[in-house]
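Each of the next two complexes has chain A plus one other chain: chain B in the first, chain C in the second.
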Partner chain A sequence: MDVNWAQVLFNSAITGSLYLLGAVGLTLTYGLSSFPNFAHAEFITLGAFLGYTIGTQLGLGLPIALVVTFFTAGLVGLLCYRGIFQPLAKRGATIIHLMVASIALSFILRYSMGAIWSWKPYYFASSWAAFDVGPLRVTGLWLWLIAIAVGLAIVMHLGLVKTRMGKAIRATSSNPDLALASGININKVILITWFVGAGLAAVAGIFRGADTQIWPLTGWDIILPIFAVTILGGIGNFYGAIASAFIIGLAENFGVVGLMALGLSTSYRLGISFVILIITLIVKPQGLAMFFRRA
Partner chain B sequence: MDPLLFAEDIHAGYGDIVIVHDVSLRVEPGEIVAVIGPNGSGKSTLLKSILGFVKLFQGKVSYCGEEITGVSSDRIVGLGIGYVPQVNNVFPNLTISENLDMGAYQVRGRASVKASMEEMFSLFPELALRKRSLAGNMSGGERQMLAVARALMARPRVIFLDEPLASLSPKPASIILSKLQEIKQSGVAMVIVEQDVTRVLSVSQRAYVLVNGAIAMEGNAESLFKEESAKQRYLGLHAKAVDK
Partner chain C sequence: MDLLLYGLDLLVFIGIFGILAISLNLEFGFSGLANFGKVAFFLIGAYTYALLSQIGLPFYLCLISGALVAAIFGLLISLPALRLRADYLAIVVLAFGEILRLIVKSEAWLAGGDWGLSVSPAISITGVSPRVDLLVNIALVFSCLLICFVVAQLLSNSPYGRVIRAIREDEVAAEALGKNRARYKVQIFMLGSAMAGVAGGLYAQYLQAIVPMLFLPIITFTIWIMVLVGGPANNWGVLVGAALVEVFERGANIAKDYIALPIDPSNLQYILFGVLILLVLFYRPQGLFKEIPIKTRALEAVRHAREQIKGEGG
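Let's turn to the complex of A and B:
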């Protein structure tokens, strides 16, 4: 079997970038609100549908679709927290209650989107012509995705380290009571995080939808690797999420080569992140957090 | 004249369980007030209920003559009331400078925050030496200094300290205690909950003895310390040990 290893590495960067965009919101909201939000998958799907409607149906193109989708989905995420999870948490809901509520919200959003956009798959109209760069086969879409993920990593890093709100997010994630005792309005911090997290998930949804298809399960299809990124990176740990997104991207793409060499179906690739998820939970449940203590 | 802070007829606890019964506590400007008593007597709960961290079943809290009962904990900080919890009192994932910056979260203006930070560094030179290192890497004594400095960053008029000497060896405990006296000189009042009765009474003006969630004794710290019955019944001190 002849393998273009440069292409495998490039594909890993694409996968890692997608998972990073998808997982940032999940890991930060998990860290701050102390429960895994399963409806995060639907924020990804919502992004795919909104991106399709704005970019293709209204013909406004990718850049406008990205911006409008980010803000619209961000608002939906914020309202979900404010309207459902915050009131539940105030009444003393445990992680189990909040998790079950998020699964219920996930179904409500999924079937609502199915009712609005139908269950038949859509495809972005704009075609992304492939071109060769040395040994690599590249599309403009993939370059956009990698550029946005790298840009996100830089902006988020600067935001978390240099701005007061960023430091407040890290402080609240580490110790909410001490954050309150420092005068930080932790509700505002949590709302902003939900907004940004859902917005970024929706951006991931646009890229996933543009690369595959858009239907009510677009987000659900990749929620497993996104959870794997969250757990491996250490819950609430942004830097851990960057590392683990690319580790899982590499594992999946090199794994696909392995599956092909063994004559197995490449649809087993999702199993790779599941295996990483399980191994992390057994061996080191705190994931890579120990390497990124500043998060 | 109104006291700086007055908590009146406080009943507080967790869930449906009332831990603090009918306690009143008064703090005058610039004084150190000790809250002492055996383990599980409700000292920390009293503190947390005044600061809005624990459910207040009944009672009233006023600050500078204005009622602040039920005001959220983050807004209480903005009013000028600081809090140093007993454990987990620094952000381990933030640097020393970042911890101080968070303490001044509600303070407007970079210059003012920077000035406060410089004041903290001159009060606690140990912190200045390592301002870029993570708080999680510090020793117990250094952490306690940072915790106090973080609370001071908001320029409070009164600070509540929950067992600031617990788990410290004698030397860092003495350093913290002398720093607290230095802070008092600058006019900041303090309410100190402490197990180490001898040490805390030596720096306090007044004291409350809490037993089973209610006030068993209160008064001048010096006379309380000398009173034999208080020492034996509530403070767990033996006359000989004190006389030494």
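Let's turn to the complex of A and C:
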């Protein structure tokens, strides 16, 4: 079998970028609110639909679609937290109740989107010109995705280290009680995290939708790798998420080559994330968090 | 449409989902285990039944094997996560369900792929009307339900049941009293999975054909609704919950044909399910039927003595 290894590496970077954008919100809200939000997948789906409507149906193009989608989905994420999870937590809901609530929310969002946009898959109309760079086949869409993911990593890093808000986020994430006692408005910190997290998930959704198809399960289709990134990176750990997103990107793309060599179905690429998830839990449930300072 | 047939068919479904609700109640209601992948064990039971019945095993052996295989998978999959927080188990089991569906979809040589498998009915009497056939099925399903119910009821009111409730309330305290929490959790998880396996077998032989599409995560969610609405840690309650949810689903299916709605009823049904869950979590987390407090002779004696002391003191 002839494998273009450079292309496999490049594809890993694409997959990693996508998973980073998708998982950042999940890991940060998971760390701050201490429950996994299963409805995070629906933020990704929402992004795909909004991106389709704005970018293709209204014909406004990718950049405007990205910005509008980010803010709209961010608002939805914030409202979900304010309307459902915060009041539930105040009523003393257990972590299981919060997880069940997130599944309930996920069904409400998914089937509402099914009602609005129907279950028939859509495809982005704009076809991206592919061009060759050395041995690589590249499209503009993929370059956008990688640029946004790298930009996000740099902006988030600077934001977390340099700004007051970033410091407040790190403080709240490592010890909410102490943060509160130090006069940090942890409520604001949590709300901003939910906003940004849902917005970034939606941006990931646009790229996922452009790469595959747009339908109510666009987000659910990648919920497994997103959770694997979160657990492998260490819950609530931004730097861990960056590392694990690219590790899982590599594992998936090289794994697919392996699956083809073994003559197995390539739909098992989801299984690779599952295996990584299980191994992490057995070997080191904290994930890669020990290699990075908490953020 | 034969109304009686429809009612009997509904009863079979209530019985099968009653078993699933009882098993989730053991895990979540009594032991605080968040099994978000119930459908995985349901699938294992169904496919085990189908494969074994194809090689000609009698139906009771197929059912028992389904339960055993489901229990073994329950053990394997829960081991890495059970010693960790509740959320890890939820994520792992949910992922397991998705992977399992992927496997039965991809491995056409084993599980028939998208076309699924055909299954022969457990008990087939030649030349009887469909009504009698359904009655036989109801008898089979409800005997299994009865066994599961009695096991769950006896277990939850035994010393064992008090230990698992103690672990649910405070793991550390239970561990401090010398109870090995991981072992209890694994045992309950295996038992719950075995029951789900039986339910899967019954489902396969009743439908006489299974496809991967039958085992979507929505099944897990439906069972959670049954337990949450009926009342976690109350076995009678979750049976009522199972019946209510099944009747609601049927009702929605019938209403679909008669009422014109601005949105597609199949979407609306799941939106309503989600809203219902949120309402229950907000306003009645204990469900319709509350958990019955533990009663033992020793506890009664203590309560009695306490009241006497209070009486004398006052």
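In this text, the second predicted complex is superposed on the first by the 294 of 295 C-alpha atoms of A that agree within 3 Å, B and C clash if a C-alpha of one lies under 4 Å from a C-alpha of the other, contacts with A are read in each partner's own complex, and residues count from 1 in each chain.
Criterion: a contact is a pair of C-beta atoms (placed from the backbone, for glycine too) under 8 Å apart; a residue touches a chain by one contact, two chains touch by 3 or more.
It should be emphasised that the depicted structure is a prediction, and the values quoted were computed from it without experimental measurement.
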{"item": "Which partner reaches more residues of chain A (counting touched residues only), chain B or chain C", "value": "C"}
{"item": "Which of chain B and chain C A:A168 touches, first, second, both or neither", "value": "first"}
{"item": "Partner chain(s) touched by A:F227 [first = chain B, second = chain C, both, neither]", "value": "second"}
{"item": "Touched partner set for A:N4, first chain B, second chain C, both or neither", "value": "neither"}
{"item": "Which superposed partner A:N185 touches (first chain B, second chain C, both, neither)", "value": "first"}
{"item": "Touched partner set for A:L277, first chain B, second chain C, both or neither", "value": "second"}
{"item": "Partner chain(s) touched by A:S267 [first = chain B, second = chain C, both, neither]", "value": "second"}
{"item": "First, second, both or neither for A:I108, with chain B first and chain C second", "value": "second"}
{"item": "Residues of chain A that touch chain B when the two form their complex", "value": "164, 167-168, 170-171, 173-175, 177-186, 293-295"}
{"item": "Touching residues on chain A, where the partner in the complex is chain C", "value": "35-36, 38, 84, 87-88, 91, 93-97, 99-101, 103-108, 110-112, 114-115, 223-224, 227, 231, 264-265, 267-268, 270-271, 273-274, 277-278, 281-282, 285"}
{"item": "Residues on chain C engaged by chain A in the complex (per definition of touch)", "value": "28, 32, 34, 36, 80-81, 84-88, 90-92, 94-96, 98-99, 102, 105-106, 218, 221, 224, 228, 263-264, 267-271, 273-275, 277-278, 281-282, 285"}
{"item": "Of chain B, residues touching chain A in the complex", "value": "51, 53, 72-75, 77-78, 82-83, 85, 88-95, 98, 101-103, 105-106, 134, 136, 150-151, 154"}
